[in-house]
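These are the structures, in structure tokens.
Both complexes below contain chain A, partnered by chain B and then by chain C.
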Partner chain A sequence: MELGVGIMSPAEVEFLAEKELVTIFPNFSHGKIYLISGDVGPFVPSLPVQVPLWLAVNLKQRQKCRLLPLDWMNKDVLEEKKQEEYNNKFFTAMPSPHYREITQLLMSIAPMDIPHAEDIQTLIKDIWDIRMAKLRSSIDAFIKGEETHAKLDHLTLMEINTVRPLLTNTLNKLYQLRQVSSFGTSESQEW
Partner chain B sequence: MSYTPSSGRRTNYSSRSMEEYFSMDDILATEVRIPCRFQLPVYKLGSLNPSSQSPDLLPGTKLELPLWLAQALQSRHIVNVELPKSYRETYREILSADATMVDLHDLGPYFYHIGLYLLNFPYADTEEISKMLTQTFKNRFRKVMDASQHTLQEETSSWTFRLDMLEVELFNIGQKAFLEFQEWQARKMEKICTSGMVINHKKRKRAAMDNIV
Partner chain C sequence: MAGDYETHAQEEILHSDEDETELTTPIEVLQKLEEAWLNEKFAPELLPYKGELVDCMLDQLQHMDQNLRRVKPGDFRIIIHKMELDRIQFVLNSYLRIRLEKIERFGAYLLNLEAQEEAENIELMSPEEKLFAQQYVGNIEGYLHDTILQHMPPNMEHFQLASVGSKPNLDSYVFFKVLKDTPSLVVEEGASETRESDIIDLEAGSQHIIRYRPVYRLLQNGTVKLI
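Showing the complex of A and B:
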């Protein structure tokens, strides 16, 4: 079986996350920018404007703007979320489908713009760990229980991406084992 | 590594698909010797049996033959293939007690692969073997998955030395995704690094230069 086909790398997932919108305060003025994905701007110094994450990253790196932290990038909200995730047997809805990637990106480029940046990063990692542990247990239950389908709500792309190659290949192998098994037994009876 | 008989017609197990013909795992797996008992006399090949002086192989002689040969001879009713030790009831009981503790690399290392081949032989307990194979795989999967999701490159061998080759393959797939994620998290993929070929090339060049001097 050839590996590496159809598997996304974390960098590609991050690329998708960069389409999410964030609010920035520019420190320059510029007219509207017309992009394929939509118009951005106009930029007026100190007036909030919504831009895609990739643009925010670029502007921030050139020190052309200040970031407004996202609503959920807040210690209390995340503490609550973590508790909820911990108490709930199933996956809970995340504030953003790309929470992990966005946190990672913003923390690396603009930790000064986010209050309690360190704590938030730790909280996001904790939530991630809880969710991954849940994911692994449910995969194990899925394999052991000979289920044919599973429904997992609120999983994010990055989470799915870390287990996808292993899960699909395992199911393939299991299918082969089972198919040959049933084939083998029926044949031996014919003997 | 795959064993996929076409479901429609009754596959003759001595004819394997092209995919398996070129599969390195399949070649290695079918090298494994399994005990066979000869049903017909085989003339002039007595030298294969070191324990007898007779020039011919007599019916009833017990020899261990590679799986690929045993298959072909079995289909011509020249030999009768016996069940290898690790698939017999004693081992099945051990595996059903706690599959995660068994060293499948020691029993195999192509335990599942050969198990699937064995299902094609007319054993009395084919059904139990097939059940045992799937059950063992399922019970051991959690361990393989967990290990693959938290093992760094350097520690790999400490986990894989007790796994079957099929499990090793899955372990590597899982670990690859995990390591990629780790790299992304450490922001390592932003840097462009020298390819291994170039590094080695320089070394080789240097070694060649040293020889000249």
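Showing the complex of A and C:
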């Protein structure tokens, strides 16, 4: 695993996504479990209960629960979202800050629990593609405009992460070059 | 139902007597630790050591580990608690390793800085990290002396590692999220006549990409976090 200053691996982004809460229907009963990150349970068969995604994944893998799809994991909602993202010049707010990772994880462990799983996966990918295209064109404008800062509201961590190394390195170099050239001009004026 | 093993999961576990006396639950400590981890990861320089958070979380981990030993093998809860412990351990390890990486990179510079900061009462490095930095820099200096400097003419044998060692680039770009509203941050001084100073207002919840230098104070007082 790559550790490093300024570098985040996709696995680490997924690690953060696994803290998001999801609803499960357990098929066992158990009292509350007192985790350091908060209590979960009690678990009663067939009664919905909220747990962090990492726990849901584990329980599902051991066939101890059924997953309730998140409310945005719905064809109509996502179709609408896709259209909105397409029509809007700016990034729109996503239903979850980890929409891509969560979809990916749930689809790989519990495709049977999610109606229209394949369509949903396609829609999420479409939305991702629209957003990445937007991101690329705004980076292009940002760099050509020699801006010093940019606002990136509603951009999710996974999206930021895909452009992070290239973008920050480029901007750092451009900044250095600009410093050198402005130093050069002010000096030539003085002399 | 045996609820005998864990007891004080969410009572307050940390008193900070100095500034605000706040009661902190393990959940909050964990959140702060994760924030500190990401800040450390993305900041170009070494940030002050969050010793309180680290010690507090280590206590929690140890406590939970002891509790788990008392539970009979095969208990349903063990695997879940173990998973959680592993997740927290990962964050802790990653935090400390990133710090070590920075210490290796900027060792001589940090030791100089540490000497200045001591007066200001800021704990930049933990005692262990300081020792590591001293030994690491000492080894490099020793190595340079043995392989090169001792073969140099006497007037060139003196050499300060700090004067040539690498320093963090505070002008690197970082991504951050605003936690508290902050009006008029000067992003770029109007250095040349052609450009005015760029000033922006930071709204809570908004995200930006900016050079590190204008925001590092905001990072240290918790107004923004790096993402």
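One rule holds for everything that comes next: the second predicted complex is superposed on the first by the 179 of 191 C-alpha atoms of A that agree within 3 Å, B and C clash if a C-alpha of one lies under 4 Å from a C-alpha of the other, contacts with A are read in each partner's own complex, and residues count from 1 in each chain.
Definition applied: a residue touches a chain if its C-beta (ideal position, glycine included) is under 8 Å from a C-beta of that chain, and two chains touch if they have at least 3 such contacts.
Keep in mind that this is a model prediction, so the values were computed, not measured.
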item	value
Touching partner for A:S108 - first (chain B), second (chain C), both, neither	first
Partner chain(s) touched by A:H149 [first = chain B, second = chain C, both, neither]	second
Touched partner set for A:A11, first chain B, second chain C, both or neither	first
Chain B versus chain C as contact partner of A:T162, first or second or both or neither	first
Partner chain in contact with A:R136 - chain B first, chain C second, else both or neither	first
Which superposed partner A:L177 touches (first chain B, second chain C, both, neither)	first
Set intersection of chain A contacts, chain C complex versus chain B complex	3, 7, 164, 176, 179, 182, 185
Parts of chain C lying in touch with chain A, wherever the complex brings them together	1, 3, 6, 9-10, 26-27, 30, 34, 41-42, 44, 60-61, 64, 76-77, 79-81, 83-84, 87-88, 90, 94, 97-98, 101-102, 105, 169, 171-175, 187-188, 191-192, 198, 200, 205-211, 227
Touch list for chain A against partner chain B, complex	1, 3, 7, 9-11, 14, 104, 108, 132, 136, 139-140, 143-144, 158, 161-166, 169-170, 173-174, 176-185, 187-188, 191
Residue ranges of chain B touching chain A (in the complex, touch as defined)	1-5, 7, 10, 112, 116, 119-123, 126-127, 130-131, 133-134, 137-139, 141-142, 145-146, 148-149, 166, 169-170, 173-174, 176-178, 180-181, 183-185, 187, 189
Touch list for chain A against partner chain C, complex	3-8, 12, 15-16, 18, 28, 30-39, 54-55, 58, 148-155, 157, 160, 164, 167-168, 171-172, 175-176, 179, 182, 185-186
